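The two complexes that follow have chain A in common; it is paired with chain B in the first and with chain C in the second.
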Partner chain A sequence: MKKKPTLGIYGFTGCAGCQLSLLDCEDELIDLFSAADIKVFYEAMSNNDDEALVDIALVEGSINTNKQLDELKEIREKAKVLVAFGSCANHGCVQAMALGDGKWEQRFKQVYGDAKFTVAIPREAQPIHKFVKVDAFIPGCPPSKIQMLRAITQLLFGNKPTYTNSPVCLECKFRENECLLNDGKLCLGPLTMGGCTAPCPTHNTPCIGCWGIIEEANHIAELKLLKEKGFKTEEIIRRFRMFGGSEIVEKIEKLLEVAK
Partner chain B sequence: MKKIIEVKHLARVEGDGGIYVEIENDQVKKVQMNIFEGPRLIEALAIGKLPEEVISFTPRICAICTVSHKNVAIRSIERALKYKEDKKTYFARELMHLGEIIESHSLHVFALALPDYLGYPNVIAMVDKYEDVVKQALNLKKFGNKVMQILNGKYIHGENATAGGFGKFPTEKELLEIKKEAEELLPFSIAATDIVGVLELPDYLEEETVFICCNPADNKFGFWGDELIFSNGKVIPSKKYKENLIERTVPHSFAKRSLYKGKPFTVGALARLNCIGDRLKKEAGKKYKKYKNPRWLKNPLFNNLAQTIEMIYCLERIPELVDILLKLPTPEFEKPAKKRGRGVGTVEAPRGLLVHDYSFEDGYVTNANIITPTAYNLDDIEKYFKNSAFNLNKAGKNEDEIAFELEKIVRAYDPCISCATHLVKVVKK
Partner chain C sequence: MRVLKLSKKDENKLYDVLIKFGEVWAPVPKGSRYVFDKIEKKEDLIMYNEFIRTILPIKKFLMPQELNILNFKPSKYEKPKVDIPTRVIVGVPPCEIHALNILDKFYTTDFVDNYYMERREKVIIIGKSSLPDEYLFSHKTNTSIVEEGYDLFFIDLGDYYLVWVGSEKGDDIVRLGSDIFSEDVPVDVAKDFVAYREKRRKAFTKDIDLEGVTDLMELMYDADFWDEFGEKCLSCGQCTMVCPTCTCFNVIDEIELNKDEGHRRRYWDSCMFKDYSLVAGQHNFRESRAERLKLWYTHKLKAFIGHFGSPSCVGCGRCIITCPVDINVETVVEKLKG
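This part shows the complex of A and B:
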């Protein structure tokens, strides 16, 4: 019998929802554990082998301390294929919503005052691709069950995982929802990576962009549209940034220029 | 002689934490529950945001407690900005909350804690011998997720519930399905209490402590209220949490600590049963009476048993809630009556008391304070580490044996380290 592929699941800073989504595959969990030789999965097991070389590393969370950065580099060395697993690892998620505004130290002080820490040296949240080569990614906040299981299956067979390369807006149309933008709601569906099957607009609540920005996103068109609907520039940019992480930072200047 | 007990990376807990204990000449010199999880500064990021933004992103503090964070953010905001709370909305929020309690408790009891007691590294390894229990436990967990998915749109980080109401209420068909499944799962949940109830728990850590939880209105059992109740019977308004539960920072953790009258305390399922368990009725009440004993006041390892009793409560309450919801008309969305004010929300997350406290000016957040159950528990966890390390060392146990017992304590508390790292004193713009 062919040797089972080895798998490591590692978590950095975030809500641990991507790892939890794996545990939430109640019907598939037993199969998953038997299809792969799981070397590291701290959230679920106590017999972890930190030194193991792994075929696939799923890395959840953003990098928020120097200790995490060192560990990430070690994982990179041990893994054949390193996968950014979920929004925090991919873009930084909500903890990166103010990335690059130069006020991180001020916020740290607001929260912790002058307290000194020996446990690790904290730093501003960054997605993992800022520090190491990332071979593949699984989007989502958290990833949807179907997409995640498909991606992991593809990885276990030595293939690159595929993802939904269309916006939430398209999946929302498939579900025959009325457009919330027409209703005057600030919906980010046209800009956001799909694959979630648009649960939020299907519940009459706007897309908040939690899976991150899709490649074809036209922020300028959405900004103009939302301004026409009466939203203030400041509020629109704030929403773009909430889950936009490191990717939106590059677009901000241009957007502010257009908004004038 | 010096012994150092170190667990660098705790397993079967949520988030990144470790244990460090030093014993010298039979005295415990140092006890630390280290929290390595990096700070996210969520409260500082809440400043300058609108209510709906806060309700969308603060639940990202934690995936296991996402619904608790959502409900408590809503409570704080609706109190601050004077929303009316419609009845149907209220009960739908309660239903959603019970889904989370079931999901989180079943994950914790069966997948994270029980392997310790039965001698397995993880829950899947238990399948060979305990296939039926594992499968039914996973069914229970799946049901909890299903309730959250139907009520909140997704089982992790849904957006359907917000201030003023729900985007969409569940249909009659969905509600009846929930009711039927709850009734079907109840017998397993009752049996599960006895699986956990017969486990022999060690007494080397025992010491009385103070337990605290929300005090639901009308002398009922439940998972929220605007008062806090203590195991000594004392009751205070939630608004006064800050004056009573005093916070500080420590160098070995990005999570803050809290003391009540200079002493550590415990929150969570065992706290709820110790403070308001006598309000339980039906099968949950029977199991409470069967197992309640004075050791509950001094041994946190009973938390897992308390969680199984709460699961019975949830499964018995859900059909009642469905019947209530089916009779109520679907309301219009409520609007805020004010644009400024402060509101303190307190709910019971699966792991215990969770506080969100927001102030608003002109509709935007000017102040935010979030305190999570794990942060409240950290000082007591260290207290029980100290007792255990002292007594186990005296009994001649080696470092590895002591470490394993300390890990058990951590897992009994079911810490949520993602949550713990996001607490703060008052943040001012």
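This part shows the complex of A and C:
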């Protein structure tokens, strides 16, 4: 019999919701545990083999301390394929929403004052691709069962997960929703990678972009449109930043210029 | 062709007749719009007076948004067994019946699409005429009046409907409902009918001048306005999803976790998405949004004529009310005309 691929599931800063969502795939868990030799699963196991070399590492969470950074680099060395698992790992998620504004130290001081840190030295939240080579990703906050299991299946077969490069709007229209943008709401569907099956607009709540920015995202056009609809620049940018992580930082300057 | 009468006081009995032929589907409100939905109670079957433009057109019945088309194992593959119900779709406007005729041509010329056909055979189309709203421009696309493509077609003439029978299935329905469909159609009905047609003709207000656009598409192919539209476009793909004559889909294979099996899924795609034109070797024929918009409007206003003799825009107005940044047949034609 062919050897099963080894799998490690690690977690850094986040809510652990990605790991939890995987655990929540109750009907498929047996299949997962039979298809892979799971060496590490922080959220699910107590006897984790931290030293193990793994074929696939799913890494959840952003990097918020120097210690995490060291650990991440170790995982990179031990893993053949390293996968950014969920929005925190992919983009930095909400803890990175102010990324690059130059005021991190100031904010940190406001919260923690002069506290001394001994175990780990905190740093501004960053997605993992800022530090190590990332081979594949699974989007979502948390990832959807269907998309996640498909991706993991592809990984276990030795393939890179493929996604249809379409925005949330595709599935939103599949579910025959009226477009909230046309109703004057600040919906980020067109800027956001699909795969979530558009639960938010389906419940009449605008998409806030938790799947991360899609490659084709036209932020400038959406900014102009939202401004026409009466939204203030700060409000729009804040929403763009919420799950925009490190990607939006690269666009901010241009966006502020356009907004003038 | 037979024409019968259905008195409005018998309208509430229509559901009982139709339900004998299959599930009854009709427009129901959703937010400020409508969607075709399954009607479970006879009082929910409403023949709306005004023009009803559902969010998605009836193509959703014939080429579902997502469809599993094949199950496979290492040793064999098979078409999934699905029980496709017969659906009686009530209240289909003329422009959508034209769209249906276009889809029929598209899916049966050269290659017959079996997934389409097996659903097509299971729908019964009950069309309905109504006065246009401010976005409908089917009078400009020659799709405001239907001659074929329906099983029954209703025209509201005040106290009664005139009911055209367009197929054998339609004939079966009126025969089974012979207590409500009356053959007694006196000649003076013609007067009411002509008056209605005239009233309806005059009620169209959306003025999109499509004359010559086919040539203009050619001449204006490199015009600057395409780039302006390209900059505005959100690549959301809504225009193609809501257009009754858009037919594109993608097909992917998916393997099950730890099982020696998988399935092939087909789902709506959009030429507004970048990956749509992506081919092996990472080549992309339509890298820019402007190129993609040109493709779409060429298809709607020009290319289809070469293949099938008429443009593939049926004037339903969906793109006009759906595109968040106002890129639609109206604004494109405005630019083409300078």
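The definition used in the following text is that the second predicted complex is superposed on the first by the 259 of 260 C-alpha atoms of A that agree within 3 Å, B and C clash if a C-alpha of one lies under 4 Å from a C-alpha of the other, contacts with A are read in each partner's own complex, and residues count from 1 in each chain.
Note that in this section a contact is a pair of C-beta atoms (placed from the backbone, for glycine too) under 8 Å apart; a residue touches a chain by one contact, two chains touch by 3 or more.
Computed from a predicted model, the values in this text were never measured in an experiment.
Bringing the complexes onto one copy of chain A puts chain B beside chain C with no clash.
In the superposed pair of complexes, A:177 makes contact with chain C only, with no contact to chain B.
Vertex at the C-alpha centre of chain A, arms toward the centres of chain B and chain C: the angle is 110 degrees, rounded to a multiple of 10. Here chain B and chain C are compared by how many residues of chain A each touches, and B touches more.
In the superposition on chain A, A:165 makes contact with chain C only, while chain B stays out of contact range.
Of all C-alpha pairs linking chain B and chain C after the chain A fit, the shortest spans 11 Å.
Residues 204 of chain A lie in contact with chain B in one complex and with chain C in the other. Across the interface of their complex, chain A is touched by residues 9-16, 34-45, 48-50, 53, 56-57, 60-64, 66, 107, 111-112, 115, 121-124, 127, 138-139, 141-142, 145, 153-160, 162, 166-168, 249, 251-254, 407, 418, 421, 424-425, 427-428 of chain B.
Residues of chain C that touch chain A in their complex: 30-33, 35, 54-56, 60, 65-66, 231-238, 241-242, 250, 252, 254-259, 267-270, 273-275, 289, 321-322, 324-325. For chain A in complex with chain B, the residues that touch the partner chain are 11-18, 20-21, 23-24, 26-27, 29-30, 33, 41-48, 50, 62-65, 67-68, 93-95, 97-98, 104, 107-108, 110-113, 115-120, 122-123, 125, 141-142, 196, 199-200, 202-206, 208, 210, 235, 238-239, 242. Within the complex, the chain A residues that touch chain C are 28, 31-32, 34-35, 149-150, 152-154, 156-157, 162, 164-167, 169-170, 173-174, 176-179, 181-183, 189-191, 204, 215-216, 218, 220-222, 224-225.
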